[in-house]
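Two complexes come next, and they have one chain in common, subunit A, joined by subunit B in the first and subunit C in the second.
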Partner chain A sequence: MKKAIILISLTILGVYLIDIFTGIGFGTQHFASGVKDAYLIGSKETLRVSNVVTSIVVNFRGFDTLGEVTVLFLASMALGGILYKKRHDVGERSVLFPSTRIVMSGAKLLFPSIVLLGAYVFIHGHLSPGGGFQGGTIIATGFLLMLITYRNYSVSHNRLSWVESLAGVLFISLGLAGYFVHDSFLANVFPEGKLNDLFSGGVIGIIYVAVGFKVAAELTGIIYTILHEKD
Partner chain B sequence: MSILEIIGGILIVIGSLFLFLGALGIYRMPDVFNRLQAGTKATTLGAMSLILGVGFLMPGWILKILIIIIFIAYSNPISSHALARAMHLRKRFMYFKNEEIDAYKEIDENNKQVK
Partner chain C sequence: MVGTPVLFIVIPLLAAFIIPLTGMVWKNSVRIIPGIVLSYMLILSISLLWHITETGTVIEVIAGWKPPIGINLVFSPFSGFFATLMIFLGLLVWVYSYKFKRNIDSEPALKYFILLMLLVTGSVGIVLTGDIFNMFVFIEIVGISGYGLTSFYTRRDSAEAAFKYLFMGSIASTFLLLAIMIVYSQLGTLNIAEIADKMPMMSNKLKVISLIFFMLAIGVEAEMFPLNGWAPDVYTQAPGPIGAAFAGIVAKAATYATIRVMFTMYDLSGAMDFLIVMGILTFIVAETTALRQDRLKRMLAYSSIGQMGLVMVAFGIGTKEGIFAALFLIFNHAIIKGLLFFSGSYLVYTKKEKHISDVNGMGKYLPITSVLFTIGAFAIIGLPPFSGFWGKLAILTAAADSKMVALIAIILSVSVLEAVYYLRVVNRIYFFPKKESMETQKPTINALIAMISLGIIILVIGFYPDLITGFIDRAAADLMDKTGYIKDILTINN
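Right, the complex of A and B next:
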C-alpha cells in the first residue's frame, strides 16, 4: 500500500516535471538576454576572468561576498563565545584512544600537501573551478586531520584571529580603494592583464586569496573550539 | 590502434573488474572487517590499474597519474588501518562472535611492552 502511494505520487511528479522540461527546449533563448550577456561577455571582455562564476561572486556581486564572509565571521565568533566559557576547566583534551604511529606519520606527511592543494584552489580561483571558500575549507580539513590525529596539537587562537583580521582588512581596503579611484565600492583598481593568465582579473585574484585565508582561519577556529569542548 | 592503447584498454578493464568486485564485496560481506578487506584491497588495485590505463591512453598525463597512484597507495592503507582499529577498539568482533580469536590484541599488548 505504502509502495503504491509512493509510486503514484512519484509518477504524478514525474509527469509534471516532464511537462515542464519539454516546454523549455534546450539551446534556445527563453530568458531576457540582457543580464546574462552582460555577465557572460563582461567577465571575459572587460574583467578578463575566465571563470564566470568567480567574476559574478567577487566582482558583480562583490558586496554580497563581503556579507557572506561577515556571516561566517559572526558565526565563528558566536560559537567561540558560547563554547569558550567551558574551556577554563579543561586541562587536556579528553581522547579515548590515542592514534597509532601509522596514522600519526601519515597525517604529518599528508598535511602539507592538503594545505598546498587548498592554496592552489584559492590562488587559481579566477581561472579554474574553486575559489576562496573552497580552498579555505580544504585547508581547514588539513587542520582537522592534524587535530584529530594528535592529541596535543594546538592552534594559536591569537595567530588565527590575526590572519582573519588581516584578510578582512585586505578585502575592505581593496573595496575602499575601488571607491576612491573609480567611485564605486570594490571597483577594479589593478590592470586586467591577459585572459587565462595567473595575474589577470585585477582585484579578483587578490580578493579570493584574502577570502581563502579568512575562511581557513575561521573554520579552523570553529573546529578547534568544538573539539576542545568538554561535555 | 597502437600497442599503448591496447595495454591501456586491458588495464582499464581489469581495474573496473576489480572495482566491481570490491563493490560486490562491500554489499555481500557480513561484518565490518570483511567489508574493509573487500573494499580496500579491491579498490587499491582497481583504482590504480584503471588510472594507469588512462595513463597509457594519454601519455601526456603520466606525471599526474603517478602522483595520483602514489596518493592512493599512501592514503588507502592508512585510512583502512584507522577504520579497522577504531572498530576493534569499539569491541566489534567478527560476525561469528568468537571473542577468543583476537590476534590484534596480542600485537597491541606486545607493542605496549616494547614501549
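Right, the complex of A and C next:
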C-alpha cells in the first residue's frame, strides 16, 4: 500500500516535471537580452581568451570557481578528519591482492604520460577544451594507478599539503593583486597578449594552472586517505 | 573603513589555505589564526555597518565586471545586520571552544577550527552575495563544513547524523541547481537584482515550479517543516558549540536566502500566507515534539526549529512591523540559543546519554552555568526583563496590527508549551536532589567568558532595546525597498 502511494505520487511528479522541462525550450532563442552576448564579446575582445568557457569560469565568474576550489578543499579536509584514526601505515591497506607484472610495468610506463597529459590540459585551459579541474583530475588518476598497482607506493602527505596550500594562496594572491591595482578582486593585472597565444588572457592561464595543481593534490590526497583506511 | 565586503570571503579563505602550512611549524596557530580572522571580520562588519548609515548600501563588483555580467557583493543594512550577527556568534563559538579537547592531537583540531571558520565564511557569503549561483556555491561550502563538523567525534551516532544531513543536503543542492537552471533558461541572467527586475517575463508555470524547488532546497538548511528531519540528530551529535553555530549561523543564513528569494526575486511581499502556514506548522510541530524529549540537546534542537518557524511567520505577516519582529526574533534567537547550547553542554558534560534528568541539582555544583542557563530559558520563553520579551512582543503587535487574531492565539498558546518544558529543566536544576556518584565538569575560563558576555547582552538588550532597534529598523526598511535594491545594483558605475 505504502509502496503504491509512493509510486503513484512519483509518477505524477515525473509527468509534471517532464511537462515543465519540455516546455523550457532548450536551444531556442527565447530571451532577447541576457548576459551571454556580453560573455562572448568580452572573452574575445577584452580578455583575449579563445575558450569562452574558461574565461567565464576563471574571470567573469571566477569568484564561484574560488568557492568550488574551497568546496573541494573542505571535502578533502573533512574526509581526512573523519578517517584520521583509521589510517594504516604504508604497505598495509585494503587493496591486498598483488598486481601482475604486466600491470606493474604498464603503470610505470603510463604514469609519466598521464601526468604530462594532465599538465598539458590545464596549461592550455584558455586555448582548448579542458582546464584546471579536468587537468588536475587526470593527474590524480595517474596517482591512483600507481597507488593501486604498487602496494608500497606512497605519497608524502606533507608535500601534498604544500602543493595544495601554495596553489590556493597563488589563486587568492592573483585575485588580491587585482583588488589592489584595479580595486576589484580577480581583475586582470597582466597584459592580455594576442588571441590564441599560449601567453594570452593575462591572469586567467596562471589561475587555471594553480587550480590544476590544487585539484590534483586534493584528489590524490582523498584517494590516498581512502585507500589507507582500515576495514 | 577598514576594507570592502569581498574581504569577508577572501581573508578567511586565504587563512584556510595557509593554516595547514603554519600548523606544521607551530601547532597552536591552527587555533589562533581562525580567531584572529574572525575578529578581523567582526571589526570589518561593524565598521561597514557604521559606514553605510552615512553613505548607503555598499556594492562591490568582482573581476571588474559590472552586474549583471559579473558577480557582486551587497552590504546593505539588511545583509549587514545578518553578517555582523553571524560573525559575532562565530567569534563567540571560537572563544568557547578554544580550549575544548585541549589534549587532542593537532590534526582533528586543525580540521575543527578551519571548518568552523569556513562555516562562518560560507554563511556570510550567502548573505552578502548578489548572485544566485554564487549563493549556491556558498551553500555548498556551508553544507560540507557542516557535515565535517557533525562527524567530528567520529562515533557511530555522529556518523549517522552526518550522513543524514549529507543526504538531505545533497538532494537540496540538486533542487537548487534545477531551480537556478530554470530561472536562467528563461531570463538569461543569474544576478538577483536583474532576475527580480525581469521576473514578470517568466511564465506562471515555470515561476511556480522554480519557486517550489527553491523553497525545497533552502528549506532544508532553514530547518523548515517537514524538511528538518536531519536537524535534531545533527544538533545532538555535533560538538556542543557547533549546535550553537547551526542555530545561530547556518539557520540564519538560510532564512536570509528564503527571504531574499521570496521577497526580492519572486516579489511575494503581498501574499505570504504560504510562509505563515509553513511557519505555524513548524512552530507547533517542533514545540510539541520538544515537550516530549528526554534529552537536553534534542529538546534545544526542537526548540530552535520552532523559533525559526516563528521567524517565518513574522516574515510572512509581510508588513514593516512583521519584518521588524522577524529580525528582532532572529537576533534574540541567535544570542539566546547560543547561550542555551553553551551552558547546556556543560550541565550534562560528563553524562553519556545527556538526559534532561542529568541536570538534577546542578544549581549547587555549577552555579554560574546554571544561572546563565536559567537566564537563557527565561529569555527564550519571552519573560521580561530579558531581550526575548521584546521579540515576542513585536511579533504579537505586528499580528495585531494586521488583524490576525487566530495567529496571536496560536503563538501565545504554543508559548505556554515552551514555558512548560524550559521551566521543567530549570526546576530540575534548582529543586531536585543531585544524583549520587556524578562528576561535574567546571567550564573553562574562555567558555565562561563566551557565556557571560551572551548573558550580559541578553540583559542589556532587555533593558535598553533601543540599542539595536535602530539597526533593525533600517534593515527592515532596506528589505521592503525592493525597487531601490534593483536600481542600486543595476545602475552601479565604477
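Keep in mind that, in the parts below, the second predicted complex is superposed on the first by the 193 of 231 C-alpha atoms of A that agree within 3 Å, B and C clash if a C-alpha of one lies under 4 Å from a C-alpha of the other, contacts with A are read in each partner's own complex, and residues count from 1 in each chain.
Following the convention adopted for this analysis, a residue touches a chain if its C-beta (ideal position, glycine included) is under 8 Å from a C-beta of that chain, and two chains touch if they have at least 3 such contacts.
Just so you know, these numbers come straight off a predicted model, no measurement behind them.
By the document's definition of touching, of the two partners only subunit B reaches A:Leu110; subunit C does not.
When the shared chain is aligned, subunit B comes close enough to touch A:Thr100, but subunit C does not.
Using the contact criterion defined above for the overlaid structures, shared-chain residue A:Val15 touches neither subunit B nor subunit C, since it reaches no partner. By the document's definition of touching, of the two partners only subunit C reaches A:Gly168; subunit B does not. Looking at the shared chain after the overlay, A:Phe26 reaches subunit C, while subunit B stays out of its contact range. In the superposition on chain A, contact of A:Gly178 is made with subunit C only, not with subunit B.
Counting contacts as defined above, no subunit A residue meets subunit B in one complex and subunit C in the other. Residues 96-97, 99-100, 102-103, 106, 109-110 of subunit A touch subunit B in their complex. Of all residues in subunit C, those touching subunit A in their complex are 6, 9-10, 13-14, 16-18, 20-21, 24, 60-65, 68-71, 107-108, 111-112, 114-115, 118, 125, 133-134, 137-138, 140-141, 144-145, 147-148, 151-152, 154, 159, 182, 185-191, 201, 203, 205-206, 209, 494. By the touch rule above, subunit B contacts subunit A in their complex via residues 74-75, 78, 81-82, 85, 89. Here subunit A touches subunit C in the complex through residues 16-17, 20, 23-26, 30-31, 33-36, 38-39, 42, 59-64, 66-68, 70-71, 73-75, 77-78, 80-82, 84-85, 158, 161-162, 164-165, 168-169, 172, 175-176, 178-179, 182-188, going by the rule given at the top.
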